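Take a look at the following structure, please.
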Amino acid sequence: MVLQLIIASLAMGIVYGLVAMGFVLIWRAVGVVNFAQGDLLMAGAYVAFTLTELEGLPMPVALVACAAIMALVGVVFHFLTYWPLRKSWDMTVIISTIGASIALKEIATLVWGPAPLSVEPIIPGIARFASVSIEWQFLVTIVIAAALMGMIFYLLEKTYIGNILQATAQDQYAAELIGIPVVVATSMTFAISALITGIGGMLISPIFFVSTTMGGSPGLKAFAAVIIGGFGSVPGAIIGGIVVGVIDTFSGAYISSTYRDAIVFLCLILALLVRPQGIFGEKISDKV
Amino acid sequence: MKKMSFRKILSVSAVAVLGCFLSAGTANAQELKIGVVTTLTGEKALTGVYSRNGIMLALEEINGKGGVNGKKISVMIEDDGGNDAGAVNAFNKVLSLGADVVIGPIYSTMDLSMSPSIKKAEIPTLVIGSSNDIAKQKNPWMFQTRTADAVSAAAIANYAAKKLGLKKVAILHDTDNFASGAAEVATKTLEDLKVPPILVEKYNTGDKDMTPQLAKIRASGADGILAWSQLVEAGLIMKQIQSMDIKVPVVGSNSYVTKIALDLAKDNAEGVYSVADYVYSNPAPWTAQFAANYKAKYKLESEFNSAMNYDAVYVIADAFKRAGTNDKKAMRDALAAVKEVVGVSTTYTFDANNVGGTSVAIVQVRKGVPQIIESVRGR
Amino acid sequence: MTLQRKIFGLVLLLLLALALTLPFTVSNYMLRVCNMTMITYMCVVSLFVIFGMAGQISFAQAGFWGVGAYISAILTVKLHVSALVALLASGLGTAAFAAILGLALFRLHGHYFGFATIGVVMILNGLFQNWKPVTGGADGIANIPPFAIGSLEFASETSLFYLIAVAVIIISIATYVIYRSSLGRAFMAIRDNEIAAKCMGVNCYQTKVIAFAISGLYCGIAGSLFAFVSSYISATSFTFMQSSLYLVMLMLGGYHSLPGPIVGTALLMMLPEWFRFLQEYILLIYGLGVMLLMVVMPDGLIGGGKQALESYRNKRKGVANVAQK
């Protein structure tokens, strides 16, 4: 039973980690909490459904296509919610993302209908070993999500593009002075954020189905992950995601399955009170 | 200070001025107006679409045959947004539009929140929620159309204990009003049968990963699972039970044999039992005809929301026929006297507490299609 | 200027008369919407106190609203306490709850406090939904008796309208008094610059706790009135989403001044009712509308209106800097 729970919690945790990374990237770049992050997860799942079930694309192609479409969604999202408000107070952007969150759900309902949908897994069937019996998709999720995280991490820390993004995140004005096109940098950040969150949605869609409300709970739990890991830290988001996944699953099994969410958020508050800067601290100090 | 209170008054007055533009609709004694409160937006929008489809289909049929006693029936549908306050707003809205009868939403909490307004307005209202609390309101104007959980949950427990011979049952249910009420009844029934459930596990609506709950059920050595869920969770639970290699019989609530849940769960639904108000594959001629008409019109399978709202319109039509007038008091009395009206989901007879549905069917999924095994008459 | 004032006073008097006769001119349905709007307004004003004035973003308001509602429901239904006592208990109880929470959470600064309040509303909602012996669990609490003072019963929508209107006016005046008091200036000093406020001798921690307690008081009263108006409450009303909507209402109306919450609440509560005919498109337009309004008027309707008015005046008079606050 314990091994089973560990694998399930790892899969959930790594998806929370992906969404949490999405949060962190936008936070670092423009100092705003994106309340529609969970809905980008949902958007990714619907895109995956369209590509695999309706268009019948083979899985690797669908994965790449989904990433490309979600990047585009991110850019559009950037120009609708952030860019027109870049000069005003960050709260206005937050309100705008709440509006976007409502709108995205309704768009999905109108386009795909209110009925939940199912998506074929990348590897169908059930993996059985030791006392564990779990869908292959859980393991696939862990592998692909980890690979994606590695790639994004490399992109941010080791490449020229990463340097541009980080420079813009630290000081937009200074970045502009040294010739970085800020609009490209911020829209690229939103694109990457939407991309990884959307792929997260694609990975869990065969396990948990596709519905317009699927983003709500992962969105909030990923947010808890961001805080536990440390706001602004990419490795913190990943670790935070896994911690939240483990707390979520194990408290469900050993403490109370109904107070699972409450326990996660209690941990969030405790984590804040004990160590407000999170496990990994904050790379950029609080923006005022 | 004075200025401030004035400002407040100013705003309230602005509201007043704008409110004046909305005046009540005019009543037409010739026809019967049904006000419908259902969920068209927000997280619970799925059920509202089915409900509206069912109502529109019934309306088309009745008016196509020239109406009731030559009088047409019309509907106005208002969105409740999926929450309690919204339900009351929508209810008041249909009242202001001059509704003679109201059909309420399927979620029991919304029906309960509407109850005081129903009583105050003295308008006959058919609600589709199945919670036992609805009858406890003793509201003479509120009619619980659907078979109450007391009947269906007891039927599930009885079937599991007596027919399937299960001795160590585990219960898994949503924490919402409908499922927790039903699970309580089932627990009580099982205790009376001397086979109390060995484990009761819960989850919150919207929870996706049931691994913790199912792992505990597997470890407990249960020989059967009784489950109450909404649509998506029903599909999820059937799939996760199979993927965790739990090979015991599953008896679920109506959601488990809806087309939506079956499409989600696919092969994993095979062999699952359910106690259902309605299944689309029911061979009874009246029901089969409804299922076929519904599919032809809306290009998707019907399920219990559509069936029960469809029935509600027919129950109203039956009462209207006998009342002969759209007078609210006369309609209420005619509804209270509804007896043995055969609908597509069950047969309706309102008892002293205004509970209408009388029976449920035991169903098993065989080759992907729910088959009716037997019908259980509750009272 | 004096003529202008006279006209302004006349208009106000006319509007006052209109407001007081409101229950006689609109349908029961619209009256109910007005009642809910006024209740929501109290919660938005509570957010105005903690966020608009003191600058501390809080998502806990819907949770407080729920605490107030449950206190009244439990006291009247299970303990048969009189409604007036229950109303006071809701207000004070929620204020105390907020104060205790504030003592713990105001060790956090800036955004982190806001993040913690998200946790608060999630935990409270979990308790409302699942703590069966106290909150009735998913069944909620039904048959809450109507509000009454002695033998005077407020059961009809009309009488409730006046009851809530009185509460709204008291809360509005109280907020205005706070806004103009040294306490209010301390709130705003913290909002504008916490370090500077500290230098001027403001006890920031204590002041923030007071602001949070006041906001709890308002929400508690609003929750109690909600319980009496609807006579049935369940956990589905008191959600994180509801808290976000309060924030949207405040930001759309304008968070700088008291008319902001009035305009924001009235707009976002009334528009969905007026546009009911849109049916399933209403929420989409709602969401897009919020985004658009933020772009067009980032300071909210009142802020944006003021700016427009000022620039118009500047143009007319050719006078620069007509600062009016």
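By written order: A, B and C. Residues from 1 in each chain.
Just so it is clear, a residue touches a chain if its C-beta (ideal position, glycine included) is under 8 Å from a C-beta of that chain, and two chains touch if they have at least 3 such contacts.
Note that the structure is a prediction, hence the values are computed from the model and not measured.
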item	value
Chain whose average C-alpha position is farthest from subunit A's own	B
Comparison of A-C and A-B (more C-beta pairs in contact)	A-C
Intercentroid distance (Cα basis), subunit B paired with subunit A, Å	35
Subunit A and subunit C: spacing of chain centres that average the CA atoms, whole Å	32
Where subunit B touches two or more other chains at once, by residue number	41, 45, 175, 202, 204
Residues of subunit A touching at least two other chains	106, 109, 258, 261
Touching two or more other chains - residue numbers and ranges from subunit C	126, 129-130, 280, 283
Residue ranges of subunit A in contact with subunit B within the complex	1, 4-5, 8-9, 12, 106, 109, 113-118, 126, 128, 133-135, 204, 207-209, 211-214, 216-217, 248-250, 252-253, 257-258, 260-261
Subunit B residues touching subunit C - in the complex, by the definition given at the top	1, 4-20, 22-24, 40-42, 45, 77-79, 81, 83-85, 88-89, 92-93, 95-96, 109, 112-113, 115-117, 120-121, 131, 133, 137, 175-177, 179-181, 202, 204
Residue numbers on subunit C that touch subunit A, as the complex places them	57, 104-105, 107-112, 115-116, 118-120, 122-123, 126-127, 129-130, 240, 244, 247-248, 251-252, 280-281, 283-284, 286-291, 294-295, 298
Contact set on subunit A toward subunit C in their complex	33, 35, 80-81, 84-85, 88-89, 91-96, 98-107, 109-110, 220, 223-224, 227, 231, 258-259, 261-262, 265-266, 268-269, 272-273, 276, 286, 288
Complex contact set, residues of subunit C against subunit B	12, 15-16, 18-19, 21-22, 25-30, 32-34, 36-38, 126, 129-130, 137-140, 142-143, 155-156, 165, 168-169, 172-173, 176-177, 230-234, 236-237, 258-259, 262-263, 266, 270, 272-274, 276, 279-280, 282-283
